[in-house]
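You will see two complexes here that share chain A, one where it goes with chain B and one where it goes with chain C.
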Partner chain A sequence: MEKIMDRELQSLKKENKYKKSLDPRAGIIILLISNVVVFMQKAAMVGTIYVIFMGILLLVYGCPKSCIKFYIVLLGMIAVQRYIFPYAPSWIVILFGIFTNYGRRMLPCLMAGIMLIKTNTMHRFILAMRKMRWTESLVIPVAVAIRYFPAIREEWQHVHEAMKLRKLSVAEKLEGCLVPMMLSATTTAEELAQAAVTRGIENPVRKTSYEEIKIEWMDIVSVGLSLMVAIIVLVIDNRGLL
Partner chain B sequence: MENSKCIEIKDVSFSYLDRQILHNISLEVRKGECILLCGKSGCGKTSITKLINGLIPHFIEGSHIEGQVFVEGDLIAQKKMYMIAEKIGSVFQNPKSQFFYLDSDSELAFALENRGIDSDSMKKKIDETIKSLHIEDLIHRNVFSMSGGEKQLLAFASVYAGNPDIYVLDEPSANLDSNAMERLKEQIRLICAQGKTVIIAEHRLAYLSELLDRAVYIEEGRIKRVYSREQFMSLSEKELALMGLRTTKKVVSTIKQERTDKKQDDCDLLVDNLAVDRGGKRIISNISFGVKAGEIVGIMGKNGVGKSTLLRCLCGLESEAEGQIFLNGKRIKKKARQKQIYMVMQDVNHQLFGETVLDECEMLSDGENAEEIIKVLKQFDLLDMKNRHPLSLSGGAKTATGFSRGYSR
Partner chain C sequence: MKQEMKLTGKDLINIGIYTAILFVLNFVAMFAGIVPFLWTILPGTAALLTAIPFAMMNLKVKKPGAILIMGAIVALIYFVTGQFTVLLLITFVVACIASEAIRFAFHYKDTFVTMTVSFIAFSFGMIGSPLPIWCYGESFFTQIAENGMTKEYIDTLRGFATTENLILMLISPIIGGILGMLIAKVLFKKHFKNAGVV
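Moving on to the complex of A and B:
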């Protein structure tokens, strides 16, 4: 038991050492830039440059696994468009064309989002939001939403297992998934709110923090580079150079 | 001048969604007292704790309350929640839904950050908390990697860091093993020694026996009797059982270390040299035992030792890495075990799919007639609640529903 704990502690420490943290504010700006790229480009092909750039950024910030995954998805989608669609019946192209085309365009946003989440704790997020002077009525719901994702995954595993232990028809299974998940979501949300309220989250004083976040030169360089690549990509796209 | 009355509940009745939960509750608690609220599940213990920490009336909607609750002379109903929060710290039953952040360090700072304390004194307070509660093993951790017991200790610690005068604990030991309970007990002992006022609603009584000053017995929303420590400790096991309470004495187990490897022909369920892996790690190995029909077997051990893994494997949620499991002399594999062996899980909430308690039992028992189900419900004391939604029941009744459903199968 203690050994397991030690191992966990060590792996946690290692993780923290390995991952460089992107300042959440810089991360949000990069996310916005990615959004602009996604929605302003005309041809999906040019966007590939931006996806490759984001992959490198992911690598720099210590998320090699995510980088590789996104590259594989990108390659897969390009391969499908190049080598399968020209020979496939038209209904397949219609069905999956939208998916591959728009999926590829959305990749930069997903990558920026993943980078933001993987290099930050929730505490740093909230701190950044407070530093940007967002109102508490916005900060808390956003925080709770982030907090809830891993909880949903845990819930889902439990419900899934409980269902294995009984014979259910497909309709019952669907109901059996949704009802306990939703109900436990509401009870969890309520209990969470109770715990937060009894520990003074509604206090109107200016909240303080035990850790500080600072924008460092690396954050500025990352934002600058993303901006540059984004402009290059959009210019190439507009002039139709590729 | 000194007002020794710390908490005063004056003739409070409380109803929630037209159901009367508390009837004319009156209770006075002196400063520095440790009060135990006890009674059957669903008796209203939790509601009383919520009266004190302000969740009733500030948080619970659809409630109707009569009477008044004073804490240190102030009327709770007229104070803002965050003002109450500085004086009263609360630890709840469910360790999973009490933490706000996802890492333990942030969690410890949560209450202090909310009050706007500067970061230097905050760090000092957190360090003090870590030292005095001996929770060095809990810092720098991802909360989702913690066991239920560790989460609960962390929840207590983050309340302790806020240094409240009054602690309200609602079944803090519900998910703890004996080891974690011992740690919790030491934590409570520490706050008692600091002269804090402590209110605990609890089912498990033994670990509190040295700490409590008075015990309040509640039945169906009424305070039946208030015992002094001596009176409460002198209650016999029989009296306790009649009141629906557990033992107040520490059970010293005297298990003989004796291997009971039985022959295959006289056991109905036989586990032979079982080993189970999870996530690439071997969790349990070399497990062999036999169980006869009608036998009740307790599996004991510390948190994380593999109890759940063994049970999960028995009911077919894990596959065996080595060894075999036999039922009535025939080997049964994973899929077949899922159908023939039922498990009531630690968090029953995930297992209750039906719309009513009755429906819940009917869903499982294919072909069994309604009378049979009614009989089962009666056996489990659930007949009165047969038309309620399973998830609206109290924790104990939920477990019983889970049980009766497994039983009616």
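Moving on to the complex of A and C:
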């Protein structure tokens, strides 16, 4: 039995050979640092440096696609702000000005979040939360909530496709979206609860796991680097060097 | 605490799922806030949209701690996505505790009235988002101007910085909460009761 599990784990590791995994705790610290940068920065220009740094970090952790995507979004937003807004009518500026502005400021947080999600499985998050000694009555709802977002999206797509065929008022549309969503949520909750109870969710002892998470030197290096870049960025920002 | 008042695994899963739906609807209201007027009445629009999952969660989990966990998860996800300001965090925590306290005062025997009252308390948590317009006044506008907000947007916002609008913002969660709960009641009667869900 042990051998089979070992082999399974090995093949899993081979699949993710290019994706190094960031420890969830280290990822959360990087996220916190990004949050601080987002809230403390004054000029948007300096934040760009941090975005570029986060892009490199994404590359290192083996997510080149998302790195390129974020760079394109950043360039697009800068281009829109520079070349389109001066000539656009004012209602466009009001509506999309806040959008591009907040979007650009939120980029570091989004990137840190994407990095955290792409390099980890839900199981590793749960392990990290348990290692941080959160109570089980918070760990389970958090895990279920995060895991349920894709299901909501899927549900919404089904409803949306079915709605295209009919002419409905806004109120009917809202009702048509919410009711199936709530109904399916109720059945899912029921089924999930039964499945979880049979697997011993109510067993009060500390849960064990085959996979273990450890903070490795690479996690420490990336946290240290992002802290350093954040401090440099904020210092440049406050002194107004750019 | 008595054994039957403890949260079981099933309750936790219920809380998780309804919180996910509540969060999505809350986020929709937040996103609609790029229109300046909708941002000033954000607590009301959020209440209107999130009433159904909130009521559903209350009906399914009649135990202490449910609203606190719900609020904690919403705060956590917003915090991770970088949407939370300190002011919003404070109002949100206070509102969650108040809502839980109201439910506790009614011994978790949820009727339409008690649920509406605790939901209104819960909805007041979002007032922290538009509050800086009135709370910090001119320094807030100079700050977002420094952040690179366009002048037109700031002028529109400044137009809302009146006492009438502040009162409108403060009563919006009450109106939104009552309306949302009424809609929830109608929908529950129309769909969920027949399906045997509630």
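The definition used in the following text is that the second predicted complex is superposed on the first by the 206 of 242 C-alpha atoms of A that agree within 3 Å, B and C clash if a C-alpha of one lies under 4 Å from a C-alpha of the other, contacts with A are read in each partner's own complex, and residues count from 1 in each chain.
Just so it is clear, a residue touches a chain if its C-beta (ideal position, glycine included) is under 8 Å from a C-beta of that chain, and two chains touch if they have at least 3 such contacts.
Keep in mind that this is a model prediction, so the values were computed, not measured.
*Asks:* I'd like to know which partner A:Tyr148 touches here: chain B for first, chain C for second, both or neither.
*Replies:* Second partner only.
*Asks:* Examine A:Cys109 and indicate which partner it touches, taking first as chain B and second as chain C; both and neither are also allowed.
*Replies:* second
*Asks:* Who does A:Met182 touch here: chain B (first), chain C (second), both, or neither?
*Replies:* Only chain C is touched by A:Met182; chain B is not.
*Asks:* In the overlaid three-chain picture, which partner chain does A:Tyr83 touch, first (chain B) or second (chain C), both, or neither?
*Replies:* neither
*Asks:* Determine, under the contact definition given at the top, whether A:Val93 touches first (chain B), second (chain C), both, or neither.
*Replies:* Touch status of A:Val93: second partner only.
*Asks:* Go through the superposed model and pick first if A:Trp134 touches only chain B, second if only chain C, both, or neither.
*Replies:* Touch status of A:Trp134: no partner.
*Asks:* Have a look at where A:Ser34 lands relative to chain B and chain C in the superposition and call it first, second, both or neither.
*Replies:* second
*Asks:* Does the superposition put A:Glu202 against chain B (first), chain C (second), both, or neither?
*Replies:* both
*Asks:* Under the contact rule defined above, give the chain A residues that sit at the interface with chain B and also at the interface with chain C.
*Replies:* 143, 175, 179, 183, 188, 192-193, 196-197, 201-202
*Asks:* Give the list of chain A residues in touch with chain C in this complex.
*Replies:* 28, 31, 34-35, 38-39, 42-44, 81, 85, 90, 93-95, 97-99, 101, 105-106, 108-110, 113, 137-138, 140-146, 148-149, 152, 175, 178-179, 181-183, 185-186, 188-189, 192-193, 196-197, 201-202
*Asks:* Tell me, which parts of chain B touch chain A in their complex?
*Replies:* 53-55, 58-59, 80-82, 84-86, 88-90, 92, 94, 96-103, 105-106, 109-119, 122-123, 126, 137, 140-142, 144-145, 155, 158-159, 162, 302-305, 312, 315-317, 338-339, 342-343, 345, 347, 349-353, 363-364, 366, 391, 409
*Asks:* Using the touch rule from the top, collect the residues of chain A that touch chain B in their complex.
*Replies:* 1, 4-5, 8-9, 12-13, 16, 121-123, 143, 147, 150-151, 154-155, 158-159, 161-168, 172, 175-176, 179-180, 183-184, 187-188, 191-212
*Asks:* Where on chain C is chain A touching in the complex?
*Replies:* 7-10, 12-21, 23-24, 34-36, 52-53, 56, 60, 65, 69-70, 72-73, 76-77, 79-82, 85, 146-150, 152-153, 156, 187, 191-192, 195, 197
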